[in-house]
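Heads up, the next two complexes both have chain A, just with different partners, chain B and then chain C.
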Partner chain A sequence: MSGSTIATPLVEKRKPQRSTSRKMKSPYPSWFYVPAIALYLVFFALPTFASFYFALTRWSLFNVTFIGFDNFIQFFQEPQLYQSFINTLIYGFVTSAAKIVLGLALAMLLTSPIIGRGYLRAVVFFPVLVSTIGIGLTFKSLMNPFHGLINLVLSWFGLPGPGWLTDPNLALLSVASVDIWKGVGIATLIFMAGIVAIPQEYFEAARVDGAGSWKIFRSITLPLSRPATGTVIILSLIGGLRSFDLIWAMTRGGPGFTSDVVASVIYKQYQAGFYGLSTAGNVVLFLVVTLIMVPITRMLNRREVDL
Partner chain B sequence: MFTRRSVRNAAVVLGSTVLIAATLAGCSADNQGGSGKTTITFQTGNSQQNVGAAKDLIAAFEKANPDITVKLDPVPQGTEGDNLIKTRLSTGSSDDVFYYNSGSLFQALDPDSTLVDLSDQSWVKDLTSDFKTVVSTKKGLYGAPFGSSFAGGVLYNIKVYDQLGLKIPTTWDEFMSNSEKIKAAGIVPIVQTYGDTWTSQLFVLADFANVSAQDKNWATKYTENKAKFANPPALEGFQRLQQTFDAGLFNKDYASATNADGLKMLATGEAAQYPMLTTVIATVQQNNPTNVNDIGYFALPANNADDTQATIWQPQALYIAKTATGAKLDAAKKLVAFANSAAGCKIQDKSYPPAGPYVDSNCKLPSDAPRVAADVQKYFDSHKTGSALEFLSPIKGPNLESIAIQVGSGISDAKTGAALYDADVKKQAQQLGLKGW
Partner chain C sequence: MRTRKWVVGSVAIVVSAIVFLIPFAFIILQAAKTPAEASDLAFTLPTKWVIWQNFVEVLQTNNSQILRAFVNSTILTVVSVIIMVVFSAMVGYILQRRRGRMNPVINFFVLAGLIVPPAVVPTIWVLQGLGLFKTMPGMILVEATFGLSFSILLFRAFVATIPKELDEAALIDGAGPLRLFFTVVLPLLRPVVVTVIVVQAVAVFNDFTGPLYFLPGDENSTVQLTLYNFQSLTLSQFNLLFMDILLITIPPLVLYIFFNKQIVGGLTSGAIKG
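And now, the complex of A and B:
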């Protein structure tokens, strides 16, 4: 039903008479939809709706007790929840901001005529291709305070190496920096596509008018790659807010709870067998990410139109 | 709004969807092997030690029972394994025989509806009553021991103790003064290894027999929501963790070292004391075989020598899932009985170096058992033992390891940590549907 209400107005716009008579038949029979719908229902719609129900229950896999909103009350009373929300926001905004700045800078560099450009482009993109867990475990050993390569190199210069992942004040930022290293390739790629799409005439005209490189960047490159910026912000912010795998591989939310994010708190609840509670947590996370992302997407899309 | 045609199309689409979904679900048809030979599956943790033990057991068992084939299914351990086993049991797809914890984790499997009652088996009479209670519900007995019991407390390096002329401490003050002397001699007094988060819990868990000694009914009160970790005597475990951290008695890499690192330090005499479970002696046997008998055990000391008791853990057990029926059930029962026969004891000796006395009277400590096993036995002989809390109460909060790390790294103090743990425990109690929470 919801499918038909969404589809009809689109059709009506183009051919108003079609929705009533339906003379034009699609060349494909409707059962072509079946495989896709089946997969969608079984693996997406069903679990999603089931989760709204299970969020209201105490569920041990063996039996289910309906307890109303107790899980949500419990979830908001979690002692680690407040800290983990702050951590999630720090993580999301730090990684997103750094990816935008670094991605744009790298994209500028890699679209300018420099030696070994193709090679450098590949190098920047390479970390994106590696499995997150693999990266997490690698950096975990690189960042080991006593046997790790990073602190070994620092010690050659007489610098004291901190406990990257074991210092409660540093752990979250250390993980965020690895996330930036891993994700900056995608941001660069999107920015590069955005910059390359800017017509060369603008740059030529600006240069003829005597604009310097900074002026060209400020007045042409930056505003005209705004759609790319929007895409990067949305992708990296969503990624950052629901990020879990890297944090889990590197610190498991530790030491103590100092690098816990909402997703890792939820995962720990699931691990502990609090299936109803963790489902409630996921519903909350879903709502929070939606609340943050919908206005941002709206805002960015509007700006795109303004241009 | 809908035309008749679109309704019919929708019906076709929906109908076929249901069909496909049904086909997907039907994929797991049974695969019965014919020809008189029974095949059963055996699930164990995927550590080298567990897999080695299982392979030895299967090889010996198949030799004695040529008409039975046992297929090994190693699965992840820890919480990941917990969820896997629960999922399999609740969906009826569990392996026929599986190796799993006794005590509170066993209780969370809903044994009465998922496991086969084994109380009529012949080996049951040979078990200690302590063990029987931790694999039983009111309705039946479900598990057979595999491996020895073990203790939590302090593993210490005997050579360091001899060298410095130290005596086994029986009070907390003696322990602290020993530690200061060790520190003065330039040896690490206490090992902590938060690289493996579970190791942080021992100050609290291994203190429990001391808590029981001070208040016999503490565990019952705790289950009834009447006793809290935030109050003495249970608070002492957290306080000791804080006190030893504040006194700077830990190895300098405590935040990143792993259990294996810690054991190496202990075995080589680089460190002197390590609050631990005695089962880890298997790791020492593998990594530092010449130093196994340099390591001894004493109970984590209480404030008064009279209250100092060894905290004892019961072995893990073999269980049979209710989905095993007919010939498979008979074969599964045979396998479990075999594991508890004299031949099975030999395999246990070899695969799980005894870290305490056996709970099955058929199995005796071998003469070449590690020294810690004998040290644990001494506490049994003088009746100075108490069960770990997980065998006296179904409630174990899942976040103890992280909370202990917080206290043991100075992120929060003992009182805060204990209160956090009480909140953690409350969630578990509610999940279990206990009364009074």
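And now, the complex of A and C:
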């Protein structure tokens, strides 16, 4: 690419010869795509496209009847189904916001000179790798209102422990807090990689100029770890909006349907044999995720170009 | 500065121990208790340590369903990760090397694969049509498909660091595209292959939703499903439930101890370039 003026005539002279030999035997053949495309088409693209049709049907084990938008009307009219839609948004945004704030704080702590950094990194990150169901069942016991450790500790300080998973107002947020506990490690890791990549000279120069820690954070760390912030926002929102296993392990959407999310409604309707309604839930989830993710991804990419 | 280093570090170590280690300590304590004591769900030392008996008993429960589940999970993880690695390395390699009209289209579908939630019931419908529903091969192919996008992104980024001159040298030596890829390029991709294997193996091993929908039935159950069955079947046997949790936490722990660097590298690859 660099010495183009000299190279051009040479390339042009050889051009006919090259293109014929390429056509015969490209070293990078497109058929390398074929196995992956085949899997993707059959097990991902086809079901996704089919879902737009099946969402418009009453579908059971035996037959499929086209019913137009009835499933969607039902989804947004029945309070328990509509609630799951709202809960999905709450869950997605609460977990993402907390992971960004806590992840950034932990990353700054773990990149600063303190003792025991290796241990701390390992401990904060390990829950990411553990089975979600295992974590969910463990915290379900720890959050038990009568014998659980959390309420025991609160009682030492004379605080009344709530029924974390049995109080309708709290259940969703309790599950979200466990999600944050389990997932903050990956946010921390990504922020750490972002912070470490900032040249040390910037910090030194700022310190020489007499900037305090808050000033350094505001004008160096925060703006320069924007790619990391973008990655964390995207990853945690995708995960949070689609979340199912943790909620299912801890509350199964209860008490009542107060901690149901769209993904758990999809499973419940599937179990009940309402395949059409279940698939409509899938399409709703698809629209929610896409409508939130596409503008956010665009915005993050554009900002990066401006820098 | 010195003292600050010690004070902040010590506080962080104490807080992290309370927040992150106590839940794991709770799992171990529960797994060592008698059924009566474990059902209290209290955070106490067992009066009688029966961790070995619980271990033996959990393996025998339900006609040693857990052993079968470990075999199933191992097969599922190993085969689907092999498929993922080979197929997505091929795509990542060509996608990086060839600048064609197809690239934007393929990049779009890779991103879509990351963002779009899989349509579950229609996937079951497809699997049924192929006669693969409730079968291990079907589950393997579905897991492999769901992991493609992330693996392709990792491979594409890494192929960019391998000089193209190596390809040309191999071509001059008379290698065809297949030999070029499998004997020259793939060995050079080793670091990222290890990353993809470890990250995806943990993901498949821990996946609950996939087997719940696509692989129901006792004889096929994976380790995550046994956990879930334990909870519904044997409400009074919390000791065995937690022993089961302990057992399925060990494989990721071992992977983490040995492949710490690869896991961290793979999961943070997007942090710097975005």
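In this text, the second predicted complex is superposed on the first by the 273 of 307 C-alpha atoms of A that agree within 3 Å, B and C clash if a C-alpha of one lies under 4 Å from a C-alpha of the other, contacts with A are read in each partner's own complex, and residues count from 1 in each chain.
Just so we're on the same page, a contact is a pair of C-beta atoms (placed from the backbone, for glycine too) under 8 Å apart; a residue touches a chain by one contact, two chains touch by 3 or more.
Small disclaimer: the values here were computed from a predicted structure and weren't measured.
Trainee: So in the superposed three-chain picture, is A:Y91 touching just chain B, just chain C, both, or none of them (first/second/both/neither)?
Mentor: neither
Trainee: In the superposed model, does chain B or chain C contact more residues of chain A?
Mentor: More residues of chain A are touched by C.
Trainee: Kindly classify A:S60 by the partners it touches after superposition: chain B alone (first), chain C alone (second), both, or neither?
Mentor: first
Trainee: Go through the superposed model and pick first if A:T48 touches only chain B, second if only chain C, both, or neither.
Mentor: second
Trainee: Contact-wise, after the overlay, does A:L137 reach chain B, chain C, both or neither (first, second, both, neither)?
Mentor: A:L137 contacts chain C only, not chain B.
Trainee: Examine A:P127 and indicate which partner it touches, taking first as chain B and second as chain C; both and neither are also allowed.
Mentor: A:P127 contacts chain C only, not chain B.
Trainee: Let me test your reading of the model: by the given contact rule, A:I238 touches which partner, first (chain B), second (chain C), both or neither?
Mentor: In the superposition, A:I238 touches chain C alone.
Trainee: Classify the contacts of A:T166 with the two partner chains as first (chain B alone), second (chain C alone), both, or neither.
Mentor: First partner only.
Trainee: Is A:L300 in contact with chain B, with chain C, with both, or with neither (first, second, both, neither)?
Mentor: Touch status of A:L300: second partner only.
Trainee: Does chain B (first) or chain C (second) touch A:F75, or do both, or does neither?
Mentor: neither
Trainee: Under the contact rule defined above, give the chain A residues that sit at the interface with chain B and also at the interface with chain C.
Mentor: The overlap between the chain B and chain C interfaces on chain A comprises residues 30, 33, 35, 42, 144, 270.
Trainee: For the complex, which residues does chain A have touching chain B?
Mentor: Within the complex, chain A contacts chain B at residues 4, 22, 30-31, 33-35, 37-38, 41-42, 58, 60-63, 65, 74, 77, 79, 144-146, 163, 165-168, 252-258, 268, 270-274, 277.
Trainee: Taking the touch rule as given, give the residues of chain C at its contact with chain A in the complex, in rising order.
Mentor: By the definition above, chain C touches chain A via 1, 5-6, 8-10, 12-13, 16-17, 19-23, 26-27, 30, 40-43, 83, 86-88, 90-91, 93-94, 97-98, 100, 102, 106, 109, 113-123, 125-126, 130, 141-142, 144-146, 148, 152, 167, 171, 176-177, 180-181, 202, 206, 208-209, 212-213, 223-224, 227-228, 231, 238, 241-242, 245, 248-249, 252-253, 255-256, 260, 263-264, 267-268, 270-274.
Trainee: List the residues on chain A that touch chain C in their complex, please.
Mentor: 25-30, 32-33, 35-36, 39-40, 42-48, 50-51, 54, 59, 109, 112-117, 119-120, 122-127, 129-135, 137-139, 141-142, 144, 147-149, 152, 181, 186, 189-194, 197, 226-228, 230-231, 238, 241-242, 244-245, 248-249, 263, 266-267, 270, 275, 278-279, 282-283, 285-286, 289-290, 293, 300-301, 304
Trainee: Over in the complex, which chain B residues touch chain A? Could you list them?
Mentor: 1-3, 5-6, 9, 12-13, 16-17, 20-21, 24, 79-80, 82-83, 86-87, 89-90, 108-110, 113-114, 194, 197, 252-253, 255-256, 398-399, 402-403, 405-406, 409, 411-412, 420, 423, 427-428, 430-433
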